[in-house]
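Two complexes are shown next, each including chain A; its partner changes from chain B in the first to chain C in the second.
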Partner chain A sequence: MKRNLDPRAKLYMLFVVSIIVMLSATTPLLWCIRTMITMIPIMLLIKEKRYAWALRFFVLYALAMILTFFVLGSGSTGMWKAFLTGYCGIILQFSPAFITAWYVIRTMKVDEFMSAMQKMHVPDSITISLAVVMRFFPTIKEEYGCIRAAMKMRGSSLAGGNVWKMMEYRLIPLLFSCVSIGDELSAAAITRGLGGKVKRTSVVVLEMKSIDYLLMLFLTGAAAVFVFVKYWV
Partner chain B sequence: MKKNIISMEHVSFCYKGAKKGLLSDVSLQVKEGEVLLLCGSSGSGKTTLIRMMNGLIPHYYPGEMTGEVRVKDYDIRTTPLYELAGVVGTVFQNPRSQFFAVDTDEEIVFGPENIGLDPEEIKRRERDVTEEFHLQKLLGRSLFALSGGEKQKIACAGVSALLPDIILLDEPSSNLDLRSIQKLRCVIEKWKRQGKTIVICEHRLWYLKGLLDRVIYMEKGKMTKQWKGDVFYTLSGEKIRDLMLRPLELNPEWMDPKGENVQGAFGKEKREGGKYIHFKNYFFTYKRHPYLFWKKRPGGMEGKSLQLNIPDLSIPVGSVVGVVGPNGTGKSTFLRCVCGLERDCRGEIEAYGNTYRGRRRMGLSYLVMQDVNHQLFTDSVASEVMLSMKEKDEGCCEHILSNLGLLEYKKKHPMALSGGQKQRVAIASALAAKAKLLLFDEPTSGLDFAHMVKVGNLLEKIAKEGRTVLVSTHDPELIAMCCDYVLSIENGQVSSLKKVENKLQWKQ
Partner chain C sequence: METKKLTAKDFITIGIFTAIWFVVEFAFGMLGYLHPYIVAAYVVLLPLAGAIPMMLFYSKVEKFGMITIMSVLIAIIMFVTGMGFLGAPLIIVAGVVADLIARAGSYKNAKMIVISYGVFCSWICANYFPILVTAKSYRKDLLDSGFSKEYANNLFRAINSKTIALLVICCVLFGFLGAFLGKSVVKKHFEKAGIVQ
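For the complex of A and B:
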């Protein structure tokens, strides 16, 4: 079986990128590090043959960057420019973490995740809850799709444009169906032995390869430089 | 003499919060290697019995339990659930909510991994199960992309990989088409040959013929009747109907009536007059052409690659049309396209002298989904119906509700109703929206006979009032009961539209 990055390296990447996202870049060097960090998941997406998404993310990020630095100056005024500045700011600030999370969730199997967590000696209760959350994303998407279809059939004037009502109409059926699916799901899972006292085994063989260490080293270095330059230089 | 593998002694159970007990004083012995069917209407306690055998009661669903349940020398009350995992395996009704993993291979090994088997042993079992169930094609795929039948097959494989002695099936065929049901039968046959003890709880009875050793009929939480398997299948049709069970045998003519193919016959007649509804240019594909920022809409040119390819179809107004065909041939897709839910489908509806395109199709038609929970938004039945009305008219709302027998539940929360009542609330809101074309996506999957007859009568009633009904279904009984025409769809194309000559009369 073809294995790409080790899930532990992926989780570490998510962790480091999230830290960097929380700190704002101010100097060209910091921007450079941020951009580099954004390019890593995009390159990884290309490696996974998800070209369309890689290109979409790249264009989004590049566009926001060009707009911020070359079109909108710091002295830009007016409604539209204010809006654009805001949007671009949000994209530049958070898209690195978003792209990384997208990559990690799309490429990590639940099984891989569980054995990685076990190897890191994370307690089972935490691992299982997180695994259920991961398992639930596609379910929520499916359910939400159905509810939106049902809403469409009732006409767009539903709730008369009242935002609160519209939220309520969407969330309540979603919650109901997620709760009932979750209930059935956990019943099915425990009849198959989840949560027992025996130590769970796994057919997945996890092995940190040089590429994983290299990536982690690079990320650590980038984060260290980022923090150092930002606070001590 | 084989020994008892499951034994229940004077068991009673009452779910927490329920007023009445669901099971009262049930005693049951199941022998090793026996294949047992539990039948009876919904709410008769079949599922509860199954849940006691796999330990979900009392460990997962709390309630008051008396009596003793022993499964292969384990006392269910004192044995934790995970110890039962290798002893009792359960296949559940709903394929979409019994998967823990996201991929098929992960799902098969999920159970063995949980009980801590050696990875080499797990791999060996995975290989065995794959071969046994012919899963080679399904390995390594996302579970979310599989059809209902394929999902259920993986669920059976996942249970099988734990090598349990006892296998419980809780309405396993509910979401399957005829072909997948045949495959499910093969799986059960295989388990029987391996000498496993099998307990099945099911409404569909025809596919189990020849497999069962014993049949138990349940009524209001009690086991009231028992037959030997082969004796059960000699019972007369009237007897089965008196017991409110679904028929023991299917007549192939129900799905494929003898009459001539009338597809195209209606198109030649005059299009005005409001006697027919015409569907034109229904093309659709799920296969995504790779695109970057905008997508191309499917047209009629691509031919065979389309999931839906219906250039022209006419059906008479005021009729009930059953839409049949195996899973994944485009029945549901057709319904979704008809009412305009798939935006990429540019089909048109010509009816009542008008042409409906795009979003306007939603004004004419209304889809009652398979899972009606998705369609109920508000906090009372009355406001649910009012929500669909352009001009709020309380009198009209009450009229619709009383017609559907829902008036007494007017103030209730829709989520507190039973499944059948919820379905009727969804129908009520369709009627309130003045929909002329009602679409039903498998309204009877998982229903018992009595409820199926109710749905059938309701569909007929709706059509008699001048509306047109399209209903996709895998239940031949439903078609025989209420449909005027049968539209069969194969590979996205209409293969025939036939008139049903004489409907069955199964009134309650």
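For the complex of A and C:
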């Protein structure tokens, strides 16, 4: 039987990775742990059969790493080198969190997320809003793509080179469509009994399996080693 | 609806505007990696960029708590995207204060909304907080994790305990300016279309 990770384990993964991302790696051992942590979501993506994205993330991370350690040093100066160093730095720094977040958002269904949050006794206000935020990123991307296509068709993509106008022409239609999508979304949510006074039940039954515990244990261990090595050794 | 309690509809509104707002801020935030002075210039860029969606959001706010919840979401997003938790309490404090100010104008008074947005914008400075508190180790981390010396030097020339007051003031002032601009844009487009009353 095909089994996915429990959403709570995924959220925990996101939490731990964010902590590790915040503390930057300074020694080879720390880099090892960081890389290992980055590889977990990539492997999970492979398991979910998202090969293209797994490959993309892997290549991005590997490239940034090779550039940072073998081509550029912290002594590099000059416009282009500084630019490259900056970009490799940001990729190395933030991509673990980004990849994990991407994995979690793409593979976690909204109902799974809702019932997981409910089980963890997070207030509804936070749960519903966060679920909408998560669900909404792809929508924004889609809408934005449509707006861009429309602008291209009319030949107004650059708005005569006026930056403020360029922003206005993109942002206003985007806001328009988002507001109306939001109204539809609330109507749909209310028909499903969201915001009622009764405790909601869920179709998905969440259950922590051994693999979830294993992942959580491993992540906790990695984080503990990371913090320990960074501050006490 | 005359209830004081927040309903599911409100939560959805908060979620949508947080998402839009985040996309806008993220696009501008990325510029910071070009040059450290741009990191300091966030205090100008972000309040202006976020103003239009936020003013539309303010026009939908009617009850206490919506701006607060938004600030909690921002704190969570900042944490997940690796900005750290040191700034999180400050972000939420800014949100609560902004919420209280807007409530004093019962979410309708234009002047109060402008002030409230200015205060809300000071969350940006909460992200500088780790740079100030852990200045020494932060610098070392930057260098060790591959940023150039130039970048680190410039960053600390722009952001330190002396300039932080100025940065906060800039945030709030450009928040006011952004709020005026955003309000006029909302008026121009959305009130005509009947989306905002």
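Worth a mention:
By definition in this document, the second predicted complex is superposed on the first by the 225 of 233 C-alpha atoms of A that agree within 3 Å, B and C clash if a C-alpha of one lies under 4 Å from a C-alpha of the other, contacts with A are read in each partner's own complex, and residues count from 1 in each chain.
Please note the rule applied: a contact is a pair of C-beta atoms (placed from the backbone, for glycine too) under 8 Å apart; a residue touches a chain by one contact, two chains touch by 3 or more.
In this text the structure is predicted, and so the values were computed from the model without any measurement.
Contact with both chain B and chain C is seen for A:Ile172 once the two complexes are overlaid on the shared chain.
Within the superposed three-chain model, A:Ile147 lies in touch with chain B and out of touch with chain C [touch as defined at top].
Once chain A of one complex is fitted onto chain A of the other, the partner contacts of A:Ile190 extend to both chain B and chain C.
Touch criterion met: A:Arg200 reaches chain B, while chain C stays clear of it. Contacts of A:Val133 after superposition: chain C is touched, whereas chain B is not reached. Taken together, the two complexes place residues 131, 135, 168, 172, 176, 181, 185-186, 189-190, 194-195 of chain A in contact with chain B and also with chain C. Residues 52, 55-56, 109-111, 131, 134-135, 138-139, 142-143, 146-147, 149-155, 158, 168-169, 172-173, 176-177, 180-181, 184-203, 205 of chain A are the ones touching chain B in the complex. Looking at the complex, you find that chain C touches chain A at residues 6-9, 11-16, 18-20, 22-24, 33-34, 49, 52-53, 56, 65, 69-70, 72-73, 76-77, 79-85, 140-151, 185, 189-190, 193, 195. Those residues of chain B that touch chain A in the shared complex are 54-56, 60, 80-86, 88-90, 92, 94, 96-103, 106, 109-119, 122-123, 126, 144, 158-159, 162, 290-293, 336, 339-341, 362-363, 366-367, 369, 371, 373-378, 387-388, 415, 429, 433.
Taken together, the chain A residues at the contact with chain C in this complex read 14, 18, 21-26, 68-69, 72, 74-77, 81-83, 85-90, 92-94, 97-98, 101, 124-126, 128-133, 135-137, 140, 167-168, 171-172, 174-176, 178-179, 181-182, 185-186, 189-190, 194-195.
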